[in-house]
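Labels for the chains are A, B and C, by order of writing; each one numbers its residues from 1.
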Amino acid sequence: MEQYKAIIEAMLFVSGTPVTIKRMKEVLEETGDMDIRSAVDELMREYGERKGGVRLVEVAGGFQFRTDETLASWLKKFAGVKPATLSQAAMETLAVVAYRQPIMKSEIDRIRGVDASTSLRSLLERNLIRIVGRKDVPGRPILYGTSRHFLEVFSLRDLTELPTLEELKELGE
Amino acid sequence: MEQYKAIIEAMLFVSGTPVTIKRMKEVLEETGDMDIRSAVDELMREYGERKGGVRLVEVAGGFQFRTDETLASWLKKFAGVKPATLSQAAMETLAVVAYRQPIMKSEIDRIRGVDASTSLRSLLERNLIRIVGRKDVPGRPILYGTSRHFLEVFSLRDLTELPTLEELKELGE
Amino acid sequence: MAESVDYAVKLNVFEGPLDLLLFLIKKNEIDIYDIPIALITEQYMAYVEAMKSLNLDMAGEYLVLASTLVHIKSKMLLPPAEEGEEQEEDPRDELVRQLLEYKAYKEAALNLGMLHLLGRDVFGRDVPHGEITDGGETEFREIGIFELVEVFRKLIVDRGHDELMEIDVEKMSLADRISEIMDELNEKKFLTFEDLMGEAGGRTRVIYTFLAVLELMKLRLVRVYQSVPYGTIRLFAAAGE
């Protein structure tokens, strides 16, 4: 294996979070972006072809080793932890924020027909959404958007990878 | 790859510490000790032959994935280019400076109940806060405020975009 | 009563009045574009009454939608517009639009839940402590605005610094202007009051500029001089070399 490819593999391995090409480049100063990218692609292919327990995936603007999704039940048994789940209310609020960001609370309340305070707080605490600014209208309400951690948790490369909202097209929004 | 071998690989991958055969057996109830052991041996051989960035080693009575020792200097460099994170202490000090600026060190110490020297220095080094001036009173204490870089890091247009405590309270506790 | 218990169980799973309404539409196999308002209102009211009788902590939103339904129902009872008159809007239109929008996001939430969730379907490596940290500071956290304000709230509320509670946008505007003026004073030897006001822009900004100058004087960060009465007012950084 070429040395820089081995270094990339090791970096991806020691990092608990996705690693961007930019960050790899900061370490591998003399290796070009294209070479880094193609080494990452090769690693992704190798791990894919092996059909082992680990995959290299592109997520949240970077790359991360993750276990294969078919092994989830075994790993739950191994780790002995119950995964933290989001309530239905929090999931709905998260969906509204994800598709309509940047969005203010009053708009979320209107769409869901209920007050979203509790779910907003829990999503903020879990770092799935973040405060992205204020809207330039009287009262300057806070605007919410999804975080990078959201992409990480939902295995999305970026926001364009969100599943499409069929119904919204009908509404002509 | 046989499924139990993939499960073993995934278990070894997610665990930060060495995993014993006994522990694997607890998860893979129906797989015999010999089969587990030979799957582990195969994984060790595969990772060895690849000559990649990661090795499977036998250590402390168990097995553990580790980065290849020849890559140590690169990984140290990688750790050095960690994305921006802050310690709890620095975060507290930054919050006090952000919301109470311009503020003297003695006032920060009083609010936090501990000496803020170390976190002030690290925040100054990271250019998140800056010295706004010196108060023209005996002792001429330094006054701290947030920097322009602070606004960039937090994606704020200006300080008025910071949420107020009232707004946070509206989200419930 | 057995029936009430049944209601109670179901009520707990509704995420709000729109969710309840969607449930009734589905249960009755109704076309969402042509809702029989009388029937749905009746059933909706039955659920709301059940909630009340069980003293469930019912959100006010359920009652708001109840009155909307009654209102639509009464409007539907009015005779249709005469021939030749302008076509009136169906009183149900707004509600249908709202329902469709909510339904879209409810489905979107389901779709999100079907993605490979980290910690549920896929797992990353549990990086041992200290493996890549270079020592020194122990606990690291990702930086975000919410974390910042939450840390501040915990500091002053939990540690009983009541006198520090208030933070408002005004205070932050002032801090912003103070920091800008000090930046400028770092570059120039002095600033005239006219310079500051001239660049100020909008009315609120003029006020904040004025307040910022007063605050800077109080903090003794600037000295303000005027050579003759009504003459030019100059600001100097007090800590200047």
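Assorted remarks:
Heads up, the rule we're going with is that a residue touches a chain if its C-beta (ideal position, glycine included) is under 8 Å from a C-beta of that chain, and two chains touch if they have at least 3 such contacts.
Just so it is clear, the model here is predicted, and its values are computed rather than measured.
When every chain is reduced to the mean of its CA atoms, the largest separation from subunit B belongs to C. In this view the innermost chain, defined by its CA centroid being closest to the centroid of all protein CA atoms, is A.
Mean C-alpha position of subunit A lies 17 Å from that of subunit B.
For this pair, subunit A with subunit C, the centres built from the Cα atoms lie 22 Å apart. With each centre defined as the average position of its C-alpha atoms, the distance from subunit B to subunit C rounds to 29 Å.
Contact with two or more other chains is made by residues 13-15, 65, 67-68, 75, 79, 124, 131, 140 of subunit A.
In subunit C, the residues that touch at least two other chains are 123-127, 131-132, 142, 144-147, 150, 169. Residue ranges on subunit C touching subunit A, taken from their complex, read 13, 15-19, 59, 61, 65, 97-98, 100-113, 115-127, 131-132, 142, 144-147, 150, 169. In the complex of the two chains, the subunit B residues touching subunit C come out as 10, 13-17, 75-76, 78-80, 82, 84-92, 94-96, 98-102, 111-113, 122, 132-137, 140, 143, 145-146, 153-156, 158-160, 162-166, 168.
Interface of subunit C with subunit B (complex): residues 123-128, 131-134, 137-153, 155-157, 159, 161, 164-169, 172-173, 175-176, 178-179, 182, 219-221, 223, 237-239.
Residues of subunit B that touch subunit A in their complex: 1, 5-11, 13-15, 23, 27-28, 50-54, 65, 67-68, 71, 74-75, 77-79, 81, 83, 155-157, 160-161, 163, 167, 170-173.
Every residue of subunit A that touches subunit C in the complex is listed here, in rising order: 13-17, 57, 64-69, 72, 75, 79, 83-85, 88-89, 91-92, 94-96, 98-99, 111-115, 124-125, 127, 130-131, 140, 147, 149, 152-156, 162-163, 165-168, 170-171, 173.
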